[in-house]
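Pasting in a structure now, in structure tokens, and then I'll have a few things to ask.
Chain IDs A, B, C and D follow the sequence of writing; residue 1 opens each chain.
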Amino acid sequence: MLDRKKRIAVIGGSQPTSKEAKAAEEVGRELAKQGAILVCGGLGGVMEAACKGTIAEGGVTIGILPGDNHKTANPYVQIPIVTGMGYARNVAVVKSAQAVIAIGGSYGTLTEIAHALQSGIPVIGLNTWTISRNGQQDNSILLAESPADAVKKALALASD
Amino acid sequence: MLDRKKRIAVIGGSQPTSKEAKAAEEVGRELAKQGAILVCGGLGGVMEAACKGTIAEGGVTIGILPGDNHKTANPYVQIPIVTGMGYARNVAVVKSAQAVIAIGGSYGTLTEIAHALQSGIPVIGLNTWTISRNGQQDNSILLAESPADAVKKALALASD
Amino acid sequence: MLDRKKRIAVIGGSQPTSKEAKAAEEVGRELAKQGAILVCGGLGGVMEAACKGTIAEGGVTIGILPGDNHKTANPYVQIPIVTGMGYARNVAVVKSAQAVIAIGGSYGTLTEIAHALQSGIPVIGLNTWTISRNGQQDNSILLAESPADAVKKALALASD
Amino acid sequence: MLDRKKRIAVIGGSQPTSKEAKAAEEVGRELAKQGAILVCGGLGGVMEAACKGTIAEGGVTIGILPGDNHKTANPYVQIPIVTGMGYARNVAVVKSAQAVIAIGGSYGTLTEIAHALQSGIPVIGLNTWTISRNGQQDNSILLAESPADAVKKALALASD
């Protein structure tokens, strides 16, 4: 059996702040340095910034796309996975990873955080959603202090 | 063109508290009284209680199932939709409704809330999740005071 | 437990010949007369003709849609199921039925025939695809002589 | 923009004849030699044989899995994509490729052939299904004389 590289998903919005985009690029860079494969939704914003960072360090980028056309992938996606399934592809983005790093993000990112938690996949957050159930905060989204810290935590928690 | 009945999704966990189950049943009952169709994930707990209420009032119940077998539907589902797509079916549960009522629930319910908000479908909550982005509370989940209030709000907000 | 009505899928192209459309309408009519629920892909052509027939006889029509908008359903769909999953919804169309009637059709219909056969769901054909494996004809698609015969066979073979 | 490698899907049954398995391995080998990425359903039989061939020549293998666990991938899958969507993942297998090579196969393979044809993706067949519409043979599945010929045709026809 092949010794598979760890796969970490980076999720976040398509219209990040410049700070979020910078963090995503650093996360992507760090993932490549640590020998992990980057999985993402394949589009722009946080996804593109993370892919750019990974490619800059010679890493591998996978983009799991909602639409029917591989040309919608951002220019730093090496391997586009074309689902044609719309937002149902969010399920595959997180399930294909052994840990998830969430950066900022809107409702799409929240769907991915929730799908990951439902599947028991660790989620590390950088300035992203917090969630409370019946007024009680749920601390399942682990906080990271920096992009490097997020990658470190993701790799430490990545399920086998 | 047929004058279609309004379709409202009721989402929530498979292991509700007795208070949540009671609320779900009342919601189901009220939906039937108002002439709306109940859409749900077709399994137990909140889904079953809501279906039970709707059937008791002569309404229509749709259960969109994750698995491959229509026999996994709870006994109050009239029309099982069998997807075989696992949790990706959560997307179809909310998209098939014109408004969503969330009662309690765990991460699966949170995925459905987030998919609804991402699709612009109104979400009414009864003792369910609250969400905050970057420390700022997001008030998109509208609070209801009672099952009847939840149904009233859902029908008022149901998109055409 | 509710005594659920049988659910039969009618599949076929969106641009049928007038003979195919007429057959689809008769199938829809006959399904309603026999108390079965019509499941289909919700769009035009064979799907619309079948729904029209079912509605004419007071039956129930379900349309499982590929897109994001329930308004894309044909005017005879009573209950639109909105998946947003593109052609992956074809899987749900056949899995939601206990038998499938195929009328004419193009490659989309062939995907549905194949998904049904893969899932062990009986397929009855009216002037539709025939398939051969390694030069050997596969007779799993049962031939019907008429719309009424197709419905009779579908109901007889509908799995429980 | 990255100069992406061509992605070719190899589809076929999980219980191939030894001749089919040998052909799949040769196809996998040839794809790697030609610098293409192998996309498949990630499980056993034809999928595993093709991955084995690709890995033997230092190529890249992607397995798009139906289940929830990356450990169900065959040992020669480098990058498992985990969908949890059952047979709906067949849509993603073919859409992620620019051409499809079908080797033998049962109904699952037929679903993939049909989804590819529906999406306008070229299909090359080695001892696989033939299809006829209304008694008229449909020659959209291009025949290959050998594994090397199948790869040659797939790469020549691969859409951009």
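Quick notes on this one:
Criterion: a residue touches a chain if its C-beta (ideal position, glycine included) is under 8 Å from a C-beta of that chain, and two chains touch if they have at least 3 such contacts.
Everything numeric in this text was worked out from a predicted model, so none of it was measured.
Subunit A and subunit D touch with mostly matching residues; of the residue numbers seen at this interface, over half occur in both copies.
Of the two chain pairs considered here, A-C and C-D, the higher C-beta contact count falls to C-D. Chain geometry summary: the mean Cα position of subunit A and that of subunit C are 39 Å apart. With centres set at the average Cα position, the gap from subunit C to subunit D is 29 Å.
Shared contact sites, meaning residues of subunit D that touch two or more other chains, fall at 68, 83-88, 91, 119. Subunit C meets subunit B in the complex at residues 1-2, 4-5, 7, 37, 55, 60, 62, 64, 68, 70, 75-85, 88, 91-92, 95-96, 98, 119.
Note for the complex: subunit C touches subunit A at residues 68, 83-88. Of all residues in subunit D, only 85-88, 91, 104, 106-108, 110-111, 113-115, 117-119, 127-135 touch subunit C in the complex they form.
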